[in-house]
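Some structures to go through are shown next.
In what follows, chain A forms one complex with chain B and a second complex with chain C.
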Partner chain A sequence: MKIVWPIAQKELRDALHNRWFLLYTIAFIGLSLALSYMSLAGAGIAGFAGFGRTAASLINLVLLIIPLMALTVGAQSLAQEQEQGTLAYLLAQPVTRIEVFAGKYLGLALSLLASLGLGFGIAGVVLALASGAGSPLAYVSLVWQTFLLSLTMLSVGFLVSALTKRSGVAIGIGLFLWLTFVFLGDLGLMGTAITMRLPVEQLLWLSLLNPLQVFKMASILDINATLDLLGPAGIYAMQEYGEQLRGVFLALTAFWIVVPALAAYVRFHLRGDL
Partner chain B sequence: MIEFVDLTKRYGKFTAVDHLTLHVPAQGAVALWGVNGAGKTTVIKCLLGLLRFEGQITVDGCDVRRQGRAARQRIGYVPQELAFYKEMTTFDMAEFYARLKGAPRTHIAPVLEQVGLAEHQAKAVGALSGGMKQRLALGLALLADPPVLVMDEPTSNLDTAARSQLLQLLTQVKQAGKTIVFTSHRIEEVETLADDVAVMEQGRLQFVCPSSALAQRIGLRTQVKFVVPGDQLDHALAILRDDGLAVRRNGVGVIVDVAHGEKARPIHVLGRADIEVIDFEME
Partner chain C sequence: MQTKAFNRARTATILLLVSLFLSLGQTLPLQAQADATSTALPETTQCGHVSLQAMIDAAAPGDTLVIPAGTYHAPLLIDKPLTLEGQAWPVIQGDGSGDVILIEAPDVTVRGFVVRGTGISLDREDAGIRSTGANTVLENNRVEDALFGIYLQQAADSVVRGNTIRGMDLPISRRGDGLKVFYSPRTLIEANVMRDTRDAILWYSSYSIVRDNDFANGRYGLHMMQSDHHLIEHNIFRDNSVGIYVMYGNVFEMRQNLLDSNRGPSGYGIGLKEASDVLLEGNRIVNNRAGVYSDASPLQPETTVTYRNNLFAYNEIGLELLANTQRNRFQDNIMLDNGEQVNVAGGGDLMRNEWAVDGRGNYWSDYAGFDANGDAIGDLPYTSKSLFDSLLGARPELRLFQLSPASDALDLAAKAFPLFAPQARMSDPAPLTQPPALPPAPGMEAPPVAANLGVALAMILLACGVLAAGLRLDRRLPRILPRNSAAATATLSD
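Moving on to the complex of A and B:
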């Protein structure tokens, strides 16, 4: 930690000075406040919604903003420093590649946590003051699931960064992956299910290949205690796996955090020439 | 102190460094000399473990490949292209690298003082001049007081005043007993700092010689332009030619091709013939 922590601190400080990062955070705070207001207004009652209803509304917002934020910061992490030459200078110091990698990952993970904490925190305080209705547990659970989701996307972003040498290319690939995870994944899955008449079991597992779907199901399960509202796949999942689903979701999330990060490190380590 | 044994670096079919074997003694200063593309920077990058290579490099007995951290702990590095986090202040930058090097915080102020940046410690690194940045790079390299200083073209991007300032600092560092390895293609830098010069060409070590003998060994020549009164131009050309110098006319002056260390010779020749030298410049 003697080396990892100073690098993590530097990353954290850089991220908090990054205009894009601040913009994402502000957008997230603003939209989450607006959503919480509208979620109850839509039901015919003006004013701020309670924690549970707001958490449910926030799932779709999180699905859009957080992967974009985590993927872009992850994609820039190594590629930008390599492009600027700062990575070679850093590695010319008495440090190892695993320390540099771990420091950068930890720093960016903490900055994402800080951003989410700020976004959810402000929205939470406003909600508590404005309505105070409902259990905050669903809200806290969503914050946790969102943090895990941001780590999965950060790991994928790191992998992109380790595979490219130019920051612009890395961000481009990051944006393409974001589109794939957010839109194309859903549409592709729907199209495949309709044209191939997929059985519900296969549909469930195919959708679980997308970490964003895992987040959505895990969050709904936490808030609603059932996946019935997701239709046949949700009903099948509940009947077939029941309470085991939480473990399945956690394992899949852990897979998406660990495997891309590990692959990114292996690539970074094997790249050799800087 | 530093041993390069059979160092070879290939990029596909291109061999950037070809079986280089070189010994740098403790407290010695060795310059790697050569034109662009000779392989000098590649040698430095291999020494720092930034490139994969064949052969072996050891620093104070530490194998660069297997004991990279220990080897780099003994090295302070001044890069050719300054790659700094521009938003950080000078002090924050020094503090960051001090922590990575395991240097005490108390070292920062004296080092910044030594390189003349004490007054600029609150300035963002991006706002420093080229000379200041290079002095900061030297300061960062010296933070943990390493026994070895490795520099890649340390003065290449500096103007004359900044170069002279940095060379003064480096001379002090050398006198403090550091082992120095640096790349250069500036003869005055090599003559000031290096004890020995390793001359490289197309990745191969050609020879090693004392720095004082370099100019003669490589036949280094300088072109000096002299401005003389217009009515004495033809006479000046004849006199210089008679003295065996290679000379040609250039507008209102003459250009003389002289060996390194003989730049004053044409002035003496012209003076003996009572030809006034109005101005001169070296190219």
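Moving on to the complex of A and C:
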């Protein structure tokens, strides 16, 4: 297991050379800065900024960019190195596949964490200096939920990567999954809810199949201490489950982190054709 | 205004037992004595051998009784015009049943007491201080552990000023009203603080004024029913289910109040139900579930509801109006970053209202027009026709998808393909491009700058630390691992 950390370090180093990763990080930093700056314009008018709305914009931004970032780097992780032949080279060394897999996962998770830390940190400095932030705890919990979300998408990306042989195909599938998680799933569910007149509890649970919705609700719960922002379904969730909701959200997130990663590892382990 | 003028010349002041006062520890600091009231003091001061009730019974109408610190038995019945002045917070301790102080005569003043320990019967409406006499003045009292705090029951022309009212630690359904004003017209309610009760309610109590109060953590911050001609100004209503709710009444002026974080399934900053002739001016309505909810207001023909120079910011819904809303006039308001600026509850439109008055509309933070002639008024009208918002009016459960990129995508699609664009639900013909200045309002606090800055810097440091760890590749294993993919590929192709 000693070898996991050097592999993770190498992965981190590779991430810094990965143009996709750098592009997303810069975009994330830039957009979160722009969003906090815009919310400060409101602070000038109102005399103070409601962190609720800033956080809402940040949640919206995270939902758009973080899955894209994590899915792409995850999808590239195994497929690209296999395509380049470096994976075979690496596996020819005295390392086991679990070490390679864990090292890669750890390295990419850390690089996502670094990217989030920079984005939220720089935006947070701007917000704090202009008295636009809310409680520091709310901000930290938003970053933590975002990190968990990035891990779920990283796991899904790893699964895609383990199932494909070519990096281009893996990225294509990753982008399609991104589209599904971010847009198609919700739009389809909205349409279903309208045409089939779904009761709120079914709507709630169906939407919770999507890890992005889990992230959104968990963040809103952390920041607002209630889900009434989300209308009847949110109020139903609060009254029916109350404080248990945090546990439910955490369990669902853990499921989305562990299961795809495990499946990806099993596939990677069984695969001989490197 | 309704303040009772007291004829001090006729007032005989009785100082109660100076020696007793000394024995109680006159030298104790005030705060210590105030704290001591919360511990169970034995029945100390019965004025020597006379109870406080006996003192009241013995006093002549119009007397002023100065009561030293100590704990006195309840219930206390005041059935003649008297002034009771507490010195260093004497405690009137109820035994947990019925009312604590009952006033049954006009012209009674109670000032400077701690009143605690009512019963818990919602049927009897057990109250800390109940008055049925006109011209009651209740000033600077602390009513604690009370089901109903102060209850004016047919006590016209009364003054409730500077009191602190704390409710019981009960679920909201079993709490009583911190302040209930019933058939008591021309009451002045000023500078009171109320926490953890149910409602402050004014029923059939026209011409009452509510000013400079701070009501929080209740159900209705202020509820007015069947009551006309009210001035409500400079109050703070925070963390209630509803800030101000008006049901069935005429002529209300609400000025420069702060309505903050009033939430819950039907949480509103201000709710208007069949209220006519209403003016809202200079209020800050922030962070509520819905800023203003309005149903059939104004009800009377020829009357209006006027919104002028208010701030609606960071509410989930800025204005939640039913489609029956008409003759509402909006001018110089700031609609800032509300999750949904205007919602038509149940669907429909709001075109029978004036969204600009005298050529001046409102400031909308999501206005996307332009101002070519530089007169600070946008050249295109502001219209509210978000497809997602329209869907929400008809199918509120879809609010679950609020903040999802999918809901933004719907609006984008509606813009790109006007076929899907919904009918405009309201239109401000003269939107302001600069936010108008707001009058001051009470109760605004700044967030903790240093802590937030620290957190943000810690995040950046963490990120830099992680990146540094990546760059400092372990030198013990250079041969196993390629430095980077490109180098390894080169190695392989050799």
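Simple rule for what comes next: the second predicted complex is superposed on the first by the 258 of 274 C-alpha atoms of A that agree within 3 Å, B and C clash if a C-alpha of one lies under 4 Å from a C-alpha of the other, contacts with A are read in each partner's own complex, and residues count from 1 in each chain.
As a working rule, a contact is a pair of C-beta atoms (placed from the backbone, for glycine too) under 8 Å apart; a residue touches a chain by one contact, two chains touch by 3 or more.
For clarity, every value in this text was computed on a predicted model and none was experimentally measured.
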item: When both partners are placed on the shared chain, which of chain B and chain C touches more of chain A; value: C
item: Partner chain in contact with A:127 - chain B first, chain C second, else both or neither; value: second
item: Contacts of A:96 with chain B and chain C, given as first, second, both or neither; value: first
item: First (chain B), second (chain C), both or neither touched by A:86; value: both
item: Touching both chain C and chain B, counted on chain A across the two superposed complexes; value: 3, 6-7, 10, 14, 17, 84-86, 89-90, 93-95
item: Interface residues, chain A side, partner chain C - complex; value: 3, 5-7, 9-17, 39, 42, 45-48, 50-53, 56, 59-60, 63-64, 80-81, 84-86, 89-90, 93-95, 107, 110-111, 113-118, 120-125, 127-129, 131-136, 139-140, 143, 182-183, 185-187, 189-190, 193-194, 198, 200, 203-204, 207, 212-213, 216, 220, 226, 228-235
item: Chain A-facing residues of chain C, complex; value: 263-265, 267, 284, 286-287, 289, 311, 313-314, 316, 334, 336-337, 339, 363, 365, 391-392, 395-410, 435, 438, 444-449, 451-464, 466-467, 469-474, 476-477, 480-486, 488-489, 491-492
item: Complex contact set, residues of chain A against chain B; value: 2-3, 6-7, 10, 14, 17, 84-86, 88-96, 272-274
item: Residues on chain B engaged by chain A in the complex (per definition of touch); value: 45, 48-52, 68-70, 72-73, 75, 77, 79, 81, 83-85, 87, 96-97, 99-102
